[in-house]
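There are structures below to look over.
Note that chain A is present in both complexes that follow, paired respectively with chain B and with chain C.
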Partner chain A sequence: MNPAFDLTSWLFSLARGVAAGPMEQFEIVPIVPLSFGDGLDLSFTNASLWMLISLGTALLFFTWATRRSELVPGGAQGSAEVIYEFIAKMVRDTIGEDGRRFFPYIFTLFVFVFLANLLGLLPSTPGTPAALHTFTPTSHIIVTFTLAVLSVGIVVLYGLFKHGFAFLRLFVPSGVPVWLLPLITPIEIISFLSRPVSLSVRLFANMLAGHVVIKVFAGFVAVLIVSGGVLSAISILPLIGIVGVFILEFLVAFLQAFVFAILSCIYLQDALHPAH
Partner chain B sequence: MRREDGSRDSPAMTDPEQHSYSRADLDRLGEKVAKGRTAAGLDPAPARTRADTAMGDGLRIAIEFVVSVLVGAGLGYFIGGLLGGAVIGLLIGLLFGFAAGLRGVYRGMMAGSAESAEEGTRDEPGV
Partner chain C sequence: MRAYLTAGASALALIGMAIAAEPVPGEEAGGLPQLDPSTYASQIFWLLLTFGALYFVMSRIFLPRLGGVIEERRNRIADDYDQAADFKRQAEEAEAGYEKALADARARAASIAAETKASIDAEIAEMEEESETRLEGEIAAAEARIAETAEKARDAVAEAARETTQAIVEALIDETPSQETVNEALSNVRSEARARAA
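Presenting the complex of A and B:
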């Protein structure tokens, strides 16, 4: 059999696969169907699977890293401690000492979002069913919105619990003339309500855009290679682009998890000190 | 473990002969810490955070502005619908949303970026 022929047909099949559509990677595929009809669908999907994988990775890593606590930490314990101290410092700096009670929540939030972002960058194995392809749960707005609503829900509940109705002073900034209050208060309420939306849109849009860009560039490479001649030669350019974007995506995965956590901290600060 | 470390440390402090050993130990520890930091992905990020702060700021504020307008419009539409004038509510809500968005942009520009909030928020909460 002629190996060159094999290579070409393989490239063609690759091009077909890669050019299938940049949005296909975000498709929710049920793994264990569990539908009750009437729009109630509790199927175990690839999104559920990858959220469990993120959770499992975090559990495994931190259990493994702290299995033998040593005074002089080794590599794994050292990295776990660095993450712990990084989040602890962030919580202390943004919320203050009394923000310590929120540390477990912020730490969990950061680690989960970071791992979901990061593990979504793993390559899929070609030829496996779509249900087993790498999936980024944080590229779906329902996931990020749920997390954001959780953060803002904690702010509201804790604020009301701690300050009672004085928490509503959050919507009445101090030092504003009384005649301006009918204008300022709705504005404050709208900016408060838009927090979970902008928090979730930011994370979801970053993840979605990054993955789409990588896939689109991959489509360029595949199409250029099979075009032949000079076009095949310049297919190296989008390939370099993919490498660049991919490296950038690691930074984005960390940065967006960090931004999500720190903005949650800033909002929680409101719950502790509603009067501004 | 800890006792073993302690007994290793104390002669290093009392005996000057042991000084170089302790020094090498410290160096190895420093290497381990550096490796751990890199493994955790924490080393390059803070430096780069500041480098692309302007871009991040712009996007963040832009998203907040758009979301404010949309939330204001949606809220106005909803409340207007309850009161029997959805369109009037939408228009009023749009105005308030626009105002909230502008306030957010102003606040964002004054407070600095959330990304570099480690420094920023210390004097920001009063704003």
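Presenting the complex of A and C:
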């Protein structure tokens, strides 16, 4: 067991780690297969695991933060209250006072998306099976699309429930000349239908891109460091790049959760006031 | 060094292979793992399950708790403000009462001083008057005594002059003049002297 041999094997394992394609981190790996007839596969996968981890983190944090409800809040309670006030203000400002009923939904949406984004940034332990690698549920279009459809679905259902047929005035902007309506109304309908798409693609693409960029930079580092000589020295540059992108990703994790929540608020505002 | 190079070359080869065959992991599913519809049902199912659970717990437990304590704090602060305003008002009232009491006390002190001064003045005037009357009485008595003494002295002088005249006349003419004659002569002399003096 001479040191040189150790180093070589370590480098090999590192190389194997980074050699995985930048897309491998998004792979869905079943952990507990659950298959029903007719090809309905509800397996518990790594994606399910990280959704549960997000849920568990939220439960732990809020249980801890509200364990004693103090008039003068401590650190955890204070930060939970900051999130509460932040979302409450956002809902008030965008939907108005009657948006109170949507507050728990927007709050849950923000917390869930933010934790899914954030926890996906945790580093994986090298050498563990792929099923235990860090996974970002929000990097999957189907997840973000489901959440977006949920938001827009609430808009449509609540709008129809509250305003009935008058909800369709959403597609007929007031103050537009009648002869322009045949042009405007299809545009409004298309813009409404594209909402869940833009909402979901924005979050999904941000998460995907961030993780891919980090992975690609990591590949550069590995390639350069094993090249020897000047190239090994240069490997510090993509490493700095990783650090920078990693820090940026924390901001993106928050920002995209915020954007998702506030856009949902703005769409919900339509459900309350369809005539705009 | 050779070992590193070997390792490096191997790693490079591995990476090269991996990057060249980038969609390897998802290949059998067709490209990006995100675009593999066979995973959709499971993801939607677990997403709705976890999201629903989080929504339930948030809306039933945590949000009411957080909202409750925030509300309570707001009320408490408002109450404290009200109470502070109340205390301020009480303090102002107390201050006004104090000012009033002070002014009253000042006024009473001034009136007591004025009364005392008046009574003392009256007493002084009375005492002055009393001593004046007493002095006047004493002066009058002294003047009377002086007048009496002067009268007595005059009588004594007149007696002495009469007796002296009687004695001189007796010695000169060896005859004792009568009392009346002497008196008459003396009064003549006196009137002459008076006339001369005038």
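Throughout what follows, the second predicted complex is superposed on the first by the 273 of 276 C-alpha atoms of A that agree within 3 Å, B and C clash if a C-alpha of one lies under 4 Å from a C-alpha of the other, contacts with A are read in each partner's own complex, and residues count from 1 in each chain.
The rule is short, and it goes like this: a contact is a pair of C-beta atoms (placed from the backbone, for glycine too) under 8 Å apart; a residue touches a chain by one contact, two chains touch by 3 or more.
The model shown is predicted, which means the values in this text are computed figures rather than measured ones.
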Contacts of A:Phe167 with chain B and chain C, given as first, second, both or neither: neither
Partner chain(s) touched by A:His273 [first = chain B, second = chain C, both, neither]: first
First (chain B), second (chain C), both or neither touched by A:Phe204: second
Contacts of A:Leu42 with chain B and chain C, given as first, second, both or neither: second
Partner chain(s) touched by A:Ile262 [first = chain B, second = chain C, both, neither]: first
Touching partner for A:Phe217 - first (chain B), second (chain C), both, neither: neither
Partner chain(s) touched by A:Pro73 [first = chain B, second = chain C, both, neither]: both
Which partner, chain B or chain C, touches more chain A residues: C
Contacts of A:Thr94 with chain B and chain C, given as first, second, both or neither: first
Contacts of A:Leu52 with chain B and chain C, given as first, second, both or neither: second
Contact residues common to both interfaces of chain A (with chain B and with chain C): 70-71, 73, 77, 80-81
List of chain C residues in touch with chain A within their complex: 1, 3-12, 14-15, 17-19, 21-26, 32-36, 38-51, 53-55, 57-59, 61-63, 65-70, 72-73, 76
Of chain A, residues touching chain B in the complex: 68, 70-83, 86, 89-90, 93-94, 118, 183, 186-191, 193-194, 197-198, 201-202, 205, 250-251, 254-255, 258-259, 262-263, 266, 269, 273, 276
Residue numbers on chain B that touch chain A, as the complex places them: 1-2, 5, 29, 32-33, 35-37, 39-42, 44-45, 48-49, 56, 59-60, 63-64, 67-68, 70-72, 75, 93, 96-97, 99-100, 103-104, 114-115, 117-118, 121-122, 125-127
For the chain A and chain C complex, residues of the former touching the latter: 4-5, 7-8, 11-12, 14-16, 18-24, 26-28, 30, 34, 40-45, 47-48, 51-52, 54-55, 58-59, 62-63, 65-66, 69-71, 73, 77, 80-81, 84-85, 103-105, 107-108, 111-112, 137, 139-143, 146-147, 150, 204, 208, 219, 222-223, 226-228
